[in-house]
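Structures incoming, each one as structure tokens.
One chain, chain A, links the two complexes that follow: it is found with chain B in the first and with chain C in the second.
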Partner chain A sequence: MTVHRGRGFAAINYPIGMNLGGDPSQALVHSGPDGKFAIALSSIDLGQGMKSVTRQIAAETLGVPVEDVYVDTADSDTGPHCMGSFASRGTHRVGNAVIVAAKEARAIMLEAAAEELEVNADDLETDGRGNIHVRGAPGRSITTGDACQAAQFRHGKTVAGRGIFLIPLSEVDPETGEMTPVSCYAHAALVADVTVDDETGEVTVEQVNSAYEVGRAINPRLVEQQLVGGAWMGLSHALFETTEPRYPDRSHGPVDFSQYTMPGPGDIARHDIAILERPAPDGPFGGKGPGEMCANPIMPAIANAVFNAVGVRVTALPITPEKVLRGLKANGGARPGPRR
Partner chain B sequence: MARKPLQFRLNGAEKAVFVEDGANLLDVLRRGVGDLTAKRGCAQGGCGACTVLIDGVPGLSCLTLAETVEGRSVATAGGLPGDGSHPLQEAFMAHFAAQCGFCTPGMLMAATALLESTPHPDRNQVVHALSGNICRCTGYEPIIAAVLDVAGEGGGGRS
Partner chain C sequence: MTVEFRKDLFADERDDDLVEVGKPTRRQDILGHVTGRSPFYDDHLFEGLLHMRCVRSPHHHARIRSIDTSQAERMPGVARVLTGADVPNNLNTLLGLMDFGRDDEPLLSTRKVAYRGEPVAAVIADSEARANDAVAEVRVSWEELPCVFDVEEALAPGAPVVNDTYPNNSFDYHDTYDHQKLRFGDVESALASADRVIEGCYEMSPIEQAPIETNGAIAAPETNGRFVCYTSTQALFFSLATASKLLDLPSNRLHFIGGTVGGGFGGKVDSIVEPMALLGCMLTGRPVRFAWDRAEEMQVGAPRGAERWYLTDGVMNDGRIVARRFTGYFDAGAYTRLSSYAIIKATGHLPGPYTIPNVSSDILCVFTNRTPATAMRGFGITGVDFAIESHMDVVAHEIGMDPVELRILNAYRDGDMKPHRRTAKNCALIECAQVAAQKAGWTIGDAFNAMASTREGGGERAAIPPTVTDRDGRIGERRAGRTGRGERRTIAPTPGQDTATSGTPARSGDAANYAHPAAAPPWQPGAVPQPPRTEEAPPAPQAPRTPAPGRYSRFATNAGLRRR
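Let's look at the complex of A and B:
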């Protein structure tokens, strides 16, 4: 009995967001008297980093340090409306809404600073470290905190902004079925190297190499983290996870999500990633978002690698040892493909 | 149901509570003494999110009868510094070893136990020590890297 090596490849074009009757997100921004900004959103951060990314986007747009921004999410009763955290839309849709809201608040902050400094607001710029100064004359400056306080305590103005970003409904052409469901796509290509044991039917992923094009990587470490973790989730889906029993008798389980096999830290594969940045024209600072696509290409790549290794084409996930062994039996043994 | 007194040390502090017969340690920690750092993941010993140290040995609090910790020491992630200054906490942050964070307290306790017993573990020992803890987000690599980082830099066992 032999362990066969195989290599599989898959590529993906992944749509950012969706379009079921239009796809809007909203954001509300306001400053407290201390010049610290709160961003209210209704989409949630479920670990993918949306709070970090929208915080960065807000700070960059407002022209204040990232430490001066707090993002408050996940209260759909009191927050501004959002379609939600799904379809890889968070960075793109919510980020754009945050930019609109932050621009409005920034303009009010600069007007207050202009009144305090007795200059024209058009002549002011922010240094991103908490100061507003006259362009070309850094000495004539006011802190963002003092400007926000002046607005609220002397000028009687809120330093606030409302933002909405909408991808409008794309009607389906009744003649051709054509529509434009999304505004931009992210892309990836992935190579999986596996070994297949033709005695046990076990598939082991030895190495993953991938290239992801995600627009601007607004937070590169979060992008890398999500791509590595997402690929593991895809690997888990490809080889392990099912609520169908792995043996013919249903009583052998698993019968629910807490019982089925999930790979642990001993089952991971080395994953080397190249992150390519082609900023999207309509994305926040060019960002698209890695989103769900991080979990997708590894599944067909592993299926292709298994086919390359032993000639068994498994068409339903997960690729369990039983399916591999049945395929080997049907083929009369392993039929290794050409080494790639 | 009958309720019995239970005394144990939690992160060095004496605790005395009344517990119901058959109560598990996880419920006593979360509801009895208000330590919410141990997480209820699967509640059947499969995920490791509820991992705590009982007299220094990692155990699944969801499967531990509360009365068995009478007079013993229980350590949870709640006993780690609130400012995140423990070497493991710093390494977890530096390596982005948490996404949603639900598995993190269990991971920290499993890693703490490893570094106490084996200050300079190799990769296989780290993987083995964490193998009872499931993480849905990270793909494990950042967690393994964080523990190895502490193991390499003067080793663990400093807590």
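Let's look at the complex of A and C:
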């Protein structure tokens, strides 16, 4: 038996948001009496960090510390409509709605500050640490809390805003497929290094090197979480998972995690990531959505690495040892490709 | 594991002087999550909570002769047994909210079942165990029917009809075709003149979303005739509107609460558990929990559907891909759910991140006797990306070119025209390929390292070519065994007039083969070629269009959607 090394490459792009548009999301922003802001949404936090991303976008736009923002979601009585958390649409759609709402609230906060400081609101700026000051004169300042309090208790104004983001629905031409699918794309390219055991057919992913272009990493740790998790999921799809291992035959469907195979801790490959940011013109601070696309490039990269290692082209996922062994048998043994 | 930010790339397009955006701020909800205090739907355990379990089909395809619930109703702890007759509006399609497709799926089936695990009744009891015991006592008389599992077999003449709403076993697009078309340029001619024609077939397997928290909902009576529903949904108002329709209840009598979900990955948009729990609650007057167990999540809950893709590339010896043809089959399982939508998404995605002057695709949404498919991470894209990127490797191998260099050579760039007739912008494929290769120590030629997404795109690459169209694959033809190649027409990018394009035909050398617009055939393609547009949102409609018929809340009453 021999363990063969192989290296495979794949590159992809990924459409951000619901295809064809027509999928609005809304946000409501308001300040409490002392300048603590609440963001009301009906978007879903699946664990991907919806609440955190919208909170950071709101803080950046309002010009207040992130600690002064709390995101409340999802109660249909209080949260305005959102199409949902799918299609890599959360950051892009909801983030933009939050920006619209936060800009409206910020303008009211700055008007109140201007009145308190007896200056023009256009001359004010926020430092993101809870202060509003006259541009060029940091000494003439008021806290965001005091400005919000003054707005409500002296000027009788709500420090609030409402936002919606909608990409209007595109039609689709039946004859040519002409359409406007989405407004921006994320990108990725990935190199997978594998070993293939020509006796057992087992494929082991040894190393992954990747580059992901995400527009803007609103929260780099959450992006990292998506990229690492997504690559794991893609590796799992490439080598392990299916609900129908004899597809299209319906027999042998797994019903629990002891039958539905997934990589264990020992199967996780080292993954070195580069993050690129080419801001999307219509993304919130340029942000796209890394959530879905990060799982895609590793599947073909692994298939291509297996071919490079032993000359077996597995065209149907998952790449099980059985398929590799059948391929080796058909080829009369391993046919290693060029070392890269 | 390492993570690096390549801030040097696209730096001139980015303002990095931000306060909060770009910071690794700790998540707002992390303390609750790591201390086990975050409330998920299943933490709302009302006093007197009842539990629901479903009676499911053991057959892949069967007629229901009768359902006898009398024995089950007498079982200890059983509060109620539901059948389809209890569902106020027992036929729905998820994308009905978008006016896309016809209602094709019952909440509880009454006449027949089309996949193993399809629910025909539901028992509500004071414990899950008692509900399960009673499920075993529901007597269903089945008449098994022939079934079909393979997408291409399902389209053959004589295959069993899976879904009565779509008797051809395929979704109807635009009320005209059994597939969605993409036509750009003249693929057949380009294949004929290419140095090499390279074919392949690739298949995506069905995959379980596998969230740790399975699908579930708890519904309870609220005051003033309202009902509250705690849910694991990925789309709160989508599930609320779906429940409102199935239960024939104004949407403001429903109060949905969710937002903290134990993973979704696309498997929590089908909105089945919510109307079921609510129906149980409405009919018993008590709180009802309906939660799938792991087996249901894996075999009854909709997976990522299987896809089969045939690719044919026309390639020149220098690595330029001059034509690419796709035929794709999405295995929707027994009902539409969201597969029809994913196909349009896939159509807009082709031919992948490359600029290829001649592209065509036919994608079919096929019904088979298996668990309905639904969304999963990368929906509509992941399967075809596996096909495209596997095929790129095949092409590289066949013509003896470095796989990274082949990608960079063919990569799309700012200003290029895509087959769906919008101009590419904000591209970054070349840079990703260069960086990934560099990180891995994969050496590519200097010329390829010097290329950029921002350079040498557009120009001739921005043109919409004269395009060959056809009327093949009209609804019903395939099932009738008429799959022959039909009449071809060429639509040229119209010079001048009100639909002028700024592009010139990319392959004008054999212009004689292309019909002049003045000699247009009596049947016209649905839309004339439009001026190239960048990938920006189309303008909002000026005036509200005719609202769609129906009394239930819809998110889109734009009549245009129904024509898709």
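Assume the second predicted complex is superposed on the first by the 319 of 340 C-alpha atoms of A that agree within 3 Å, B and C clash if a C-alpha of one lies under 4 Å from a C-alpha of the other, contacts with A are read in each partner's own complex, and residues count from 1 in each chain.
Keep this in mind: contacts are C-beta pairs under 8 Å (C-beta built on N, C-alpha and C of every residue); 3 or more make two chains touch, one makes a residue touch a chain.
Here the structure is a predicted model, which is why all the values come from computation and not from measurement.
In the superposition on chain A, the chain among chain B and chain C reaching more residues of chain A is C.
Judged by the touch definition given at the top, the superposed model places A:V228 against both chain B and chain C. In the superposition on chain A, contact of A:G266 is made with chain B only, not with chain C.
In the superposed model, A:L317 lies in contact with chain C only, and not with chain B.
When the shared chain is aligned, chain C comes close enough to touch A:S43, but chain B does not.
By the document's definition of touching, neither partner reaches A:F153: not chain B, not chain C. Residue contacts after overlaying the shared chain place A:A189 against chain C, while chain B stays out of touching range. Common to the chain B and chain C interfaces on chain A are residues 46-47, 49, 221-222, 224, 228, 230, 233, 262, 271.
Chain A meets chain B in the complex at residues 46-49, 221-222, 224-226, 228-233, 258-259, 262, 264-266, 268, 271.
On the chain B side of its complex with chain A, the touching residues are 42, 44, 46-47, 96, 98-101, 126-128, 130-144.
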